[in-house]
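Each of the two complexes below includes chain A, the first together with chain B, the second together with chain C.
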Partner chain A sequence: MDTTYASSAVKALPDAPVLSILINHPPFASMERKKRPRNDRRLAELSIILKRCFEKTIMLQNYARSVIEVTVTILSFDGGLLATCCNSITLALIDAGISLYDYVTAVTVGIYDQTALLDLNSLEEADLSFITIGVVGDSDKLNLILCEDRLPLDRVERLISLGIEGCHRLKQLMNETVREVGTDLLSKKQ
Partner chain B sequence: MDVITITQPNQPQAEINATLDDGDVEMEDEELDVDVNGGIVDSAKSKNDIVVPGELITDDPSWMRGHGTYFLNEKTYSAVAGTIIRVNKLLSVIPFKGRYSPETGDHIVGRIVEVSNKRWKVDIGAEHDAILMLGAVNLPGGVLRRKSEADELQMRAILKEGDLLNAEVQSLFQDGSASLHTRSLKYGKLRNGVFVVVPSNLIIRAKNHAHDMPGGVSIILGVNGFCWIYKTKENQVPVAGGSSTQSKAEAGFQAATHNGGYTPGMGSVSITSLEEQSSWDIYSDKNDTISNSIKETISRYKNCLLALSHCNIAINETRLAKAYDISLGYGDVNSLVNEEVEESIGEDLINSGKMRGVV
Partner chain C sequence: MGLDYDISTNEQEFVLEALKQNVRLDGRKLLDMRDVKISILPSEYGHVEVSLGKTRVACKVSAEIVKPYEDRPFEGIFQINTEISPMCSPFFEIGQGSSGSGSNSRQANEEVLISRMIEKAVRRSNALDIESLCIVAGSKCWAVRADLHFLNYDGNFIDASCIAVMTALLHFRKPDIEVAGEEVVVYDTNQREPVPLSILHVPICITFNFYNPNGNEENVKGELNNELILADASLIEERLSLGTMTITLNKNQEICQLLKSGGLNIDASLIMNCCLYASKLVSRLNDEIHEVLKEDSKKRRNVREEKELQVFNERES
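And then the complex of A and B:
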């Protein structure tokens, strides 16, 4: 996988843990078939954003001298790319038993006229201004925020507070699933 | 740490109390409970309490924080999804899944990935590769002798990259990586079989991880989830009561002439050059001749093992033997790779266990 990147980073600081996140967007995933260049700058940017976000969420001090490699493959794309990647990485890390401070859940919030909308699809994303926010657990702390459009400043606060609510709901859903899977695993244990 | 602060989860107090109390298996510290919980009423007593990352475990700072937890503002939170284990005043959370974390004494199976200065690096499915020192293996030509420079030079003749071996975790380093040893005749290089990987959390820890199964097949269920299914060794050296060194050597000689393979105890007395020769057989790369029926049995065991892991059923040798029995009713070995068949084998196993009251 991304070994060249990892090894160069390892060289820089021999004991420091390395987190590398790679996003694959195969041609069949979007509405129309489109081949993307291997080093898509947009995907590279997203992976850097995600890396920064999860470097603060994973308890990296427990992972000295190791590399945590996350590869996300998009199978079907219809908006909310960054948010979905963030949510799936959270679940993947929990599944892998990696120590996290808390869940990170993310969602997109857009604005249509006066109305704030949660979780836009790709058509809405193309036409409306939106931001992606990521929330730590049940708190109001954001550790991921991305805005690529113009937004009326007086609306931003409302958008963010709606987004946080959406994230909390997502966290609830994730929590239920994680517990369900855990209970199932335990029931077959001894 | 300045980045994240976490508010108290809005779960009912009763649930938090429940998480505090996991019905400790290791210690019967009922009196201690009252003591450390400091007035918190034990409302529910369940054995396994599930926690998720970021969940508050306790706000009592007197608890010691073990693996899978973190401490923030005098409160202990869980860092992984798993169950709480409490030993005296030490709280830790054992994740449901995750990489194998070695412990001293574990019987494991691993694969050599690197030969370096006086040591081998072994992939054991943990966060770090384990280390097998040259001094921690049975050197050819006599069980107990000191390593020499000649041994250092021909390390690849003993074990090379890609070789599989079973070993025991001798000790752990500061960063959690393991040091292995194979200084026993039950450990060493693996031959005559097939390698299977299952998640390490499915392997039930037991006294013994090497078993002879029905059908002329043996299995090593490594604690790290790496398993080895192989033909049971033939011509085990008969343990004659009070055998002298002479008779041992003789037995070894006879065994060698019989099947030309390695037999345990053969290298224990090195008096002749033949003995020296045969002790190299421990590290031989050549498989014995294995009959087709044995190969089929091995494959069936392999598929049963994979079926159990597909169904997330914890594995020990009795369950595997039972799964093998059940699988015989599902026809050919190659039909067992079917997902539906795997699932129905798992179901049958669980049901058969329920009927007898144990799984």
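And then the complex of A and C:
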């Protein structure tokens, strides 16, 4: 197999746009004020997941030779970290006027015994198994799934379908807010 | 700076066109896995090498007695060490994954994801019972450490390293000990048969890669759902894929970890199919691991010693 290795230092500014996502978790955000190491692997992983999540949803072809920089600061942590980050980034990108194919919405679903639960708080997250699900627009297609706990395989289908419904509802709410803000802005301009 | 991996346009199109016609470069079907070869080094306990096609990973498990963490006096310590060195492929670099500055390059991302994935699959899912590693609460415990060495890279590090870590943990024997009050006697392996670790379940990772034959717009808005799904991608396939999903299962049909980070949007029903298919693969791999371990223990049996230690003498009738 003939393949070439090129030093990435040569391509200082690539044609393809760069999306960088940084997550801040300041000590005041959670109950215990713990000092976190600067290069927290968990946050690094989250930002990579989010980056990959939006790479396919932003119309990147419109932003050649540019950098889209997203900084997320967690103000108060009570579960659903990845889901909330994902939703807030979607709204922030829309507010910044960056073209997306559709809304990316995410929500956590957990399971207690036989009951599926939508959007867990941090106490529930500590004790129950849960999945984070991200959906693009009104489709049934999943952009993001993250499960870090043990979970019986036969329950997953129900959790995913509940999660998709939750995401669709979220999309409606987000859409309403975006349009409200949009009309408000328009009325001020005239 | 690590090196980037470029694939010529010709080759890219060749691979993708072949995939559309359900052919892969090495002649596999789309959902076939490469043959897994697990070899256990005969000289010691817990040293395993796994090869998946040309991908090769070695894992060495070791244990020592240390003081437990202050906030967890009843638990032992278990660490998985993964550092991808340039030995396996020139586009990995020493210590890049942990430094914040390089975190934007694709290689560094990969390294963080690989190490976190193995960590979550094996450590977070409690595959190793760390409470059983406690010797004297608050003062002495076993610290088990699994060092992963990546020897050659041809795609799918995660699956190979997960199999390697689990086989090594299952194979590892720690020296027998005896506790009398605060005093601990550690017996040499020649004096007393060393004891295996207590493994609660065997998680195995399966990675799927996604490709899109119809273009981006169709994927976001369309209803076709004919994305291609590959299991166990090789290096080129991995580079060209538009999204990956790794699922970790054990033989009790429990998901230990599931991650699909962005990339192509895949219909929920296709994902469920992947999960079910993965569970079949996992039970097969699980059998394979146990087969290898059984074979190894047969080789290690010392027939003469066993005869000497037997309570009954063999009698001629």
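What we mean here is this: the second predicted complex is superposed on the first by the 177 of 190 C-alpha atoms of A that agree within 3 Å, B and C clash if a C-alpha of one lies under 4 Å from a C-alpha of the other, contacts with A are read in each partner's own complex, and residues count from 1 in each chain.
The rule is simple: a residue touches a chain if its C-beta (ideal position, glycine included) is under 8 Å from a C-beta of that chain, and two chains touch if they have at least 3 such contacts.
No experiment lies behind these values; they were computed from the predicted model shown.
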- Task: Could you say whether A:164 touches chain B, chain C, both of them, or neither, answering first, second, both or neither?
- Result: second
- Message: By the touch definition at the top of the document, which applies to A:54: first (chain B), second (chain C), both, or neither?
- Response: second
- Query: First (chain B), second (chain C), both or neither: which does A:99 touch?
  - Reply: first
- Message: Applying the document's definition of touch, where does A:20 land relative to chain B and chain C: first, second, both, or neither?
- Response: second
- So, does A:111 touch the first partner chain B, the second partner chain C, both, or neither? neither
- Item | Touched partner set for A:70, first chain B, second chain C, both or neither | neither
- Please work out whether A:44 is in contact with chain B alone, chain C alone, both, or neither, and reply first, second, both or neither. second
- Query: Given the superposition on chain A, which partner contacts more residues in chain A: chain B or chain C?
  - Reply: C
- Task: Applying the touch criterion given at the start, work out whether A:137 contacts chain B, chain C, both or neither, answering first, second, both or neither.
- Result: both
- Task: Pick one for A:85: touches chain B only (first), chain C only (second), both, or neither.
- Result: neither
- Once the two structures are superposed, pull the chain A residues common to the chain B and chain C interfaces. 56-57, 101-102, 136-137, 139, 141, 143
- Item | Touching residues on chain A, where the partner in the complex is chain B | 56-57, 59, 63-66, 94-103, 136-139, 141, 143, 175, 178-179, 181-186, 188-190
- Show which residues of chain A lie in contact with chain C when the two form their complex. 1-9, 11, 18, 20, 38-39, 41-42, 44-45, 47-57, 101-102, 131, 136-137, 139-154, 156-157, 160-161, 164
- Note which residues of chain B are touching chain A in the complex, please. 3-7, 9-10, 48, 50, 52-54, 68, 70, 77, 79-83, 95-99, 127-128, 175, 201, 204, 311-314, 350, 359
- Touch list for chain C against partner chain A, complex: 1-8, 11, 90-91, 98-100, 103-105, 109, 112-113, 115-116, 120, 124-126, 216-217, 219-221, 225, 236, 242-243, 245, 249, 253-269, 271-272, 275-276, 279
